[in-house]
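After this come two complexes, each holding chain A, first together with chain B and then together with chain C.
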Partner chain A sequence: MSETKPFLLNKSLHLHLLLVQLSTVALFANELTAWMLAIIALSFLWQFTQLAVPKRTRQHHSVSTPKLVTVLFALAGAGVIVVNSKSLGLLLAMVHLICFAYGIKSLEIKSRKDFYIIILIGLFLHACAFIFIQSIWYALVVLTVILLNLALLYRIFSVNVAHLKSYLSSLKLLAFSVPFAVALFVFFPRLSPFWQVPLANTAKTGLGSDVQPGDIAKLALSDALAFRVEFAGKAPSKSQMYWRAMTMSYYDGKKWSRNNGNRLPFYLMQKPNINYLSGDTYQYQVMAEASNRSWLFSLDTARLDNNKITQLADFSLISDKPITKTVNYQVVSFANAGKELNLANRAKRFYLRIPEDSNPKLQRLGQELRQRFNDKQQIIDHVLNQFRQQPYFYTLEPPVLVDNSLDQFYFDTQTGFCEHYASTFAFLMRAAGIPARLVTGYLGGEYNQQGNYYSIYQYDAHAWTEVWLEGQGWVSVDPTSAVSPERVSDDMSNALRQQRVNIAGAFSWQAFSTNALIAKLKMQIEAIDYQWNRLVLSYTVEKQTEFLKTLLGQGRLWKAALVMLLTFVLVVGLLWYRDLRPKQLNRRSNWQLQFDKLFIQLSKIGITREPSQLPLQMINDIEKVNRSLAVDYQQLCLNYERLSYSQLNAKDNMAIAKQFIEQCKKFNKQLKRL
Partner chain B sequence: MNMESLINGVISQVSKVVLGKPNEVKLSVACLLAKGHLLLEDLPGMGKTTLAQVLAKVFGLSFQRTQFTSDMLPSDVTGISIFDQEQKAFVLHKGPIFSQLLLADEINRASPKTQSALLEAMEEHQVSIDGTTYELASPFFVIATQNPLFHAGTNPLPESQLDRFMMRLSLGFPDVEAEKQILLGKELKQKIENVETVLTHQQLIDIQQAVSKVTVSDAVLEYIIALCQVSRNDEFSGNPLSPRAGKALLKSAQAWAFIHQRDYITPTDVQAVFASVCEHRLDAGVMELNSESSVASQVLSKVDVLAPITQ
Partner chain C sequence: MLGALKQQVNQRFNQWLIKRVPTAQVFTLSNRNIFIFPTLFGFAYLVIVLLLFLLGTNYQNNVIMLLSYLMASFFVTTMLTAFFNLKGLSLRSAKTHNGFVGQMLHPSVTLQCDKPVFDINLSYHNSAVSKINTVEDCQNAKIALNTSKRGVLRPGRLKVLSEYPYGLFQVWARLDFDHQFIVFPAPKAIATKQLKALVTSDQEGGANLQETSGDEFNELRSFLPGESMARVAWKQLARGQGKFTKHYRHNLGESRYLSLEMLPNVSLERKLEYLSYLVLQYHQLNAQYGLVLTTTKIEINSGDLHRDECLTALAMYALPNGVIHE
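Let's look at the complex of A and B:
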């Protein structure tokens, strides 16, 4: 390979290259800014038009672009990266840079080296794609793109190989690498500190750290998976599955929030005060999807033993790092535990705080209630009854509320989603002198029979309240259940489902998921995804250590190294053996098989070959049968001899073999007609 | 002029004189193109000498004819140093072996000593006279003729020396048409004089080069090896074929393919030259004239051309 020799691509290869590049960049479509996508797309478009220009009728061409065009592309891309780099963050800026370089590198392929660089960057990008999405389906897509890329490399090396064969051979090579990849995955030590990638600041849907009316209703439109739960032993009924994410204790007149500012409030950092009582306990494993936030989910009241997850004073769980990939943890929940039976006066005052000037009507109502009822439980019951008896409606499409939104909701519109009810209820309780807070999380879950687990989706997001009662501690109250009992018993009422479809459009996934067959299929697909999550994605450093410990016992590091070495030797040895093994002498190619068939036909009409006879030498026998056949036979035999005995380059060989097979087929047909 | 028409010219010129023997003519030309020595075996008066003379003329080679007799000494072939009175030194008087084409007529009449002197030179392309080594001309061909062994006063060539000849040919009796022409035709000497020289020295070397580059596929190599293996079987009655025989077979098949304007060998080429190349090595004796099932055809019939090695 000399650098001075221009590197030539033919049209088909160039199109293949463009396809590979296009699909590789498409893997990052979600991550790249629209500007960057536009620039890369323009560069592809430019190349495509260059290919279509009629002056390039020659089979092969070198790829060169006017300097001006290249410079323009380069400046535009660099500009986009510079302008956006601040908002993108380090990782995404780097991804932009490499995608951009990859996209425009094909504008100038002057030598073989340039071509290799494109292939290599492509492979690197395929690996990078897993930073953002790790689902099994995505992995399959990436694998397909890798296959495309490898086939391209294959085709460059063996120009005359059939298109399909290049894919098959690349697939075979990929398959050979699988055992090695598995061994590396299972045994290779994970050096996490070195391998960490700066966080992508991509926003994900999920619960926020504050709630104002309308937030959760928006979430209810999202089909994204929040987490999965697998129970060991019995599971509570769906209506009891209140998955606590966090509590919100600050109300500023507009929204409820967990923290007043950026930091967690001090009181949450205290040890949770739980009286574990006998009663139902549930043991389960939670697999939380990446959310880029740190809160996790549990049933009331959780106890867990995990040094990476802390239980806060409001009994919610928090991870020490934002969840950027699927996280697994074990929890035991005590359904009847007493939650913070003693509340300090200072804390009581804190949970009674409401802004003086907000929602005056509700404040007045609270005071009335406080005077009317002696018992706090009576107040709660009264308000819940109000919800039940008055014409309150539960809907995904609540009317827009402005100032003093809770007043407006409670007295005027009376239509809302769970957060309307929970916010209002908590506010009213505080106004009536009962310490209260808002709890957000998820309610219910979809049971998957194949995998025996529950999936909890974003649309299961829910808000309810907790009130503190003397002697009972924090007690959960769900005002929504008073308005719309079916929201609680069924994970999503049919009416609501219909609403979601109306909002999302008739052809959306939501519309399809109401179909029973599709729903079943969805269930199957999710079961596979679940296993992928359980077995592959959650195979962390800890799991690896644990696994190696049980598998290899003491001294596992060198044993793991040994297993890897053995796998390596095995794979390389197999490949070596495959090359060493003498090629089968009587392995016959397609055209030879065709010829064999022809001889079977000939023997049927009584023409057989002496061992020392070459096919061409049988022409006299054939001439006796049919003269015109003999002419065809001679043509065919000449091709046979060229295929068998002459030195042909691969291209000629293919052409002649193809012609030969045609001739054999034609001859066979004629023979049958005799 | 391209090589194809040159070869065609050579063959047509030779065929003008050697009538009615196109196959033998082609074989003898192939033998020379493959740089091999040729042994002509036939009854007297069948045209052996004529063939050799015509070949020499057509190929443009310097030609010497030596009639071998039983009292011949090695120096009669190689040459001898004689003291020159004027120069007061020994001067070499070169023998016929220093020509480019040596016709050794009736080689089996000479004594074994003389025979082996010639055959040494054939193999090594050099001779030693009085302790000095002399290179022979290049190209150097020997065309030897011999009478069938049952003729009186002959010393049969040993197997090791027969092996040095790439081919053994027998011209055989001409057919009626050819014989008519021979009877009515001009004097032989005049005929030979009329023959044109077709090849220059360089052209011959170029053609020999091209012949050695004719493609040999694995399948053909296997076929040749399989043929040799059949002759090495215990059941086979003749002498086994040596690797040298295999090599001669390959080279002459290359020349045969070249004459037929192909740049690759097929088993047909091997079959065409097989009898001429191998028969004198297989039975190491005299050709059984006109015998129906020769040793060579026995060997050929035992190998499947399309799947030689699996046999």
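Let's look at the complex of A and C:
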């Protein structure tokens, strides 16, 4: 029935709506194209100017938009979507469409229905925002926007109620909804996806599938989290934490690559060949952040039991789908495992391949070394010693190499980051007849005391090498450890850290977190985010099944239903109890309390008020004491009567009450002086 | 066919309602008389929550799942809050209320509560909705009812509806105050000289009604509805002193009976309108008057109660039950 009535938002409500819309669209600032953002912003700006400029002819503050303007907006938005639809992909095109509809719907609010539609589209968009980001902080931001949206709706049904109360009441109702929601989340059976959904083609982050000099140095400027690891039991020392992502075995004269074009090397799909020897084992859980790439991370020689993750022959882990949201997996690693003790001749030849015409000086050096040393280990040691003894420098800002020439690096500039050393080393080893490959991944990690886990950031990205030795299999060699041992033992040397700050600009977490207190706070914040990841984001179908099995045992389905029902009853009971609680409606207001004080003061000088006496009737008694007091008293009583008996609106009431309290205080002061 | 079925269901429902929420003068809203059902918007909200669930499941996105559960749970919390908003509200309304045809009837309802109650909409089946934003402690509300015919107006049950807090649910109660509003004939001015002097032998008292031929200006009185525009004192109105009518002295005599026979030959309804006017006139002059309507006779008297009795007799005259169902 209310739908038929004309529905008009007043200025305050419309501004509130604009705020909600603005913050909702802002959630998609990264996803929307600049053109779409501009159109939506223009629509908001138009509404804002309509509200801000008072129109004498307009009776209500609501916005009425000329047809032409609406049509222009609609055409512009549709145009942007059509033009960009190819590059956007299905998901982003949908997001554009909904955001656009949401942005311009408020141009025409004619009925309550229109308003409701905006509220509901808003709610849907708030959920959609989580497709792209799921961190707890982002969730809190979105929840705030949801609260804004609900408070707006609340204000429609509680006109004349203080603005703040709409937020508080909505927050309270949301808080009351949490227990049942959590019960549903934990116990309501998870379902598998019903149908294939379009994924966001967002930018890939982290390590790429090839490495050329300068790539990892670039990555080292990023503060983004790559993944987190929680060890069950003991953890290896930091200098042993080589997190393997992939190996690169193709060298084309400029860069090392994992694949040759789109093809993986033939042997990678074989079963990994690991000899588990005695030694330390590490059990840990890895929680990888979304990277939109497939590779996952583990220490060397990992073993895992997961049907969505495969281990390739080079011991790297690969997910069957790109990582678009946080994934979680359990791994066991063996410190002293023999990696592929027997290598087929074909594979050996594969790992010795170098383009004939590239880096001739290094090729010559390799041949020299092969002739000079009988033992392969000696060659390796010799090269590492060269790095150690010659003036090689480790820096984030290496000089540019012509055509990525490793020759130039090794013999001339002698300045580079880990990928320079690793690329050159692997090349040199191949030239010297030792099968070698480049390994990329991360090194080290930041320990979080609060959460008992390690965070590995993009700036921990690292490249090292593996050489294959008869009888030992693949052996990891990190040339960086020869050049800059502190890079391996510490997260990053101080000089390097300073360099990062200089490149990244004045504000950077690294510079910032040198302050102990802030560093601790940062750790705390990250620990919270970690728990959110662990408890909420990675609560999958499998996890739920497992959790319910251990918690409820047999007949877990009906027991889960019972728990949900109990929570529901609990919440209902809580609300019922809240309603039954005695209410303090006749609480005396401030001005009444002040008036009470006045009578206490009066009684001290012998003037008491009979219960039947009206305040004004006491004026005679006061006049006997002091004339000027009586005049003040009379004025004060006038306000008292207005407060007590006239129907005042809230604003007037507050003003008079304030005045009245002042008068009472003044009167009391004068009384004390007597 | 469908109409008949609907009617039957309605009838059943009304009978059940009579048992469940019987007639009273005061109602305190509780789970006995409150109804609650999602609004269209509430259903739309549920559809969106379901969409969120599908979205969350298909993307295997736990945050969206959590949000969809939170919104579903919020729906329940809102339902309870909507119920508790009206629960405990007391409504009181007098059984009767009077007015003239063509005027709005404004029956009043007193709402009382021990906590603020929001968004109250009061209405009868066919009336406009009277909206109260917030009731704190105690408040009077008036509902506007259209009147088109004289007689007794039974507006039916009063509907108290609230969509607080989010419009997802409508919570309502249908209360039977046994309202019977008497709608008097609209007063229609008639000049005294048009009245036939009826002096019959069997009339008791007040028989010596004399009428002077000349109308002598006597006084200005506040405008009464139904008075002729020709009598309005325009001078005073133009000076902004208010709307008055000029009154001339008629020698109405001590007291008299008003009856249909004394009126010129017009339709019955028009006659009743004239009588309605005369009753008001006599009442304002503080004169003694009575009323004779074929079989009904109201003895000569004066005062507010007497006026209402006469007007009620006029309202009910020649109506089988005197009832208008609206």
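Here is the rule we use: the second predicted complex is superposed on the first by the 535 of 674 C-alpha atoms of A that agree within 3 Å, B and C clash if a C-alpha of one lies under 4 Å from a C-alpha of the other, contacts with A are read in each partner's own complex, and residues count from 1 in each chain.
By our rule, a contact is a pair of C-beta atoms (placed from the backbone, for glycine too) under 8 Å apart; a residue touches a chain by one contact, two chains touch by 3 or more.
This one's a predicted model, so the numbers in the text were calculated from it and none came from an experiment.
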First (chain B), second (chain C), both or neither touched by A:Leu8: neither
Partner chain(s) touched by A:Met94 [first = chain B, second = chain C, both, neither]: neither
Chain B versus chain C as contact partner of A:Val141, first or second or both or neither: neither
Contacts of A:Ile156 with chain B and chain C, given as first, second, both or neither: second
Which of chain B and chain C A:Ser169 touches, first, second, both or neither: second
Chain B versus chain C as contact partner of A:Gln613, first or second or both or neither: first
Contacts of A:Ala335 with chain B and chain C, given as first, second, both or neither: neither
First (chain B), second (chain C), both or neither touched by A:Leu72: neither
Residue contacts on chain A - larger count, chain B or chain C: C
Chain B and chain C footprints on chain A, overlapping residues: 585
In the complex, chain B residues that touch chain A: 215, 217, 219-220, 262-268, 271, 300-307, 309-310
Complex contacts: residues of chain C adjacent to chain A: 40-41, 44-45, 48, 51-52, 54-74, 76-78, 80-81, 84, 87-88, 114-115, 118-119, 129, 133-134, 137, 162-167
Touching residues (chain side chain A, partner chain B) in the complex: 585-586, 609-617, 641-642, 644-647
Residues of chain A touching chain C in the complex: 1-3, 116, 120, 123-124, 126-128, 130-131, 134, 139, 146, 150, 153-154, 156-161, 169, 173-174, 176-182, 184-185, 188, 190-195, 197, 325, 536-540, 568, 571-572, 575-576, 578-579, 583, 585
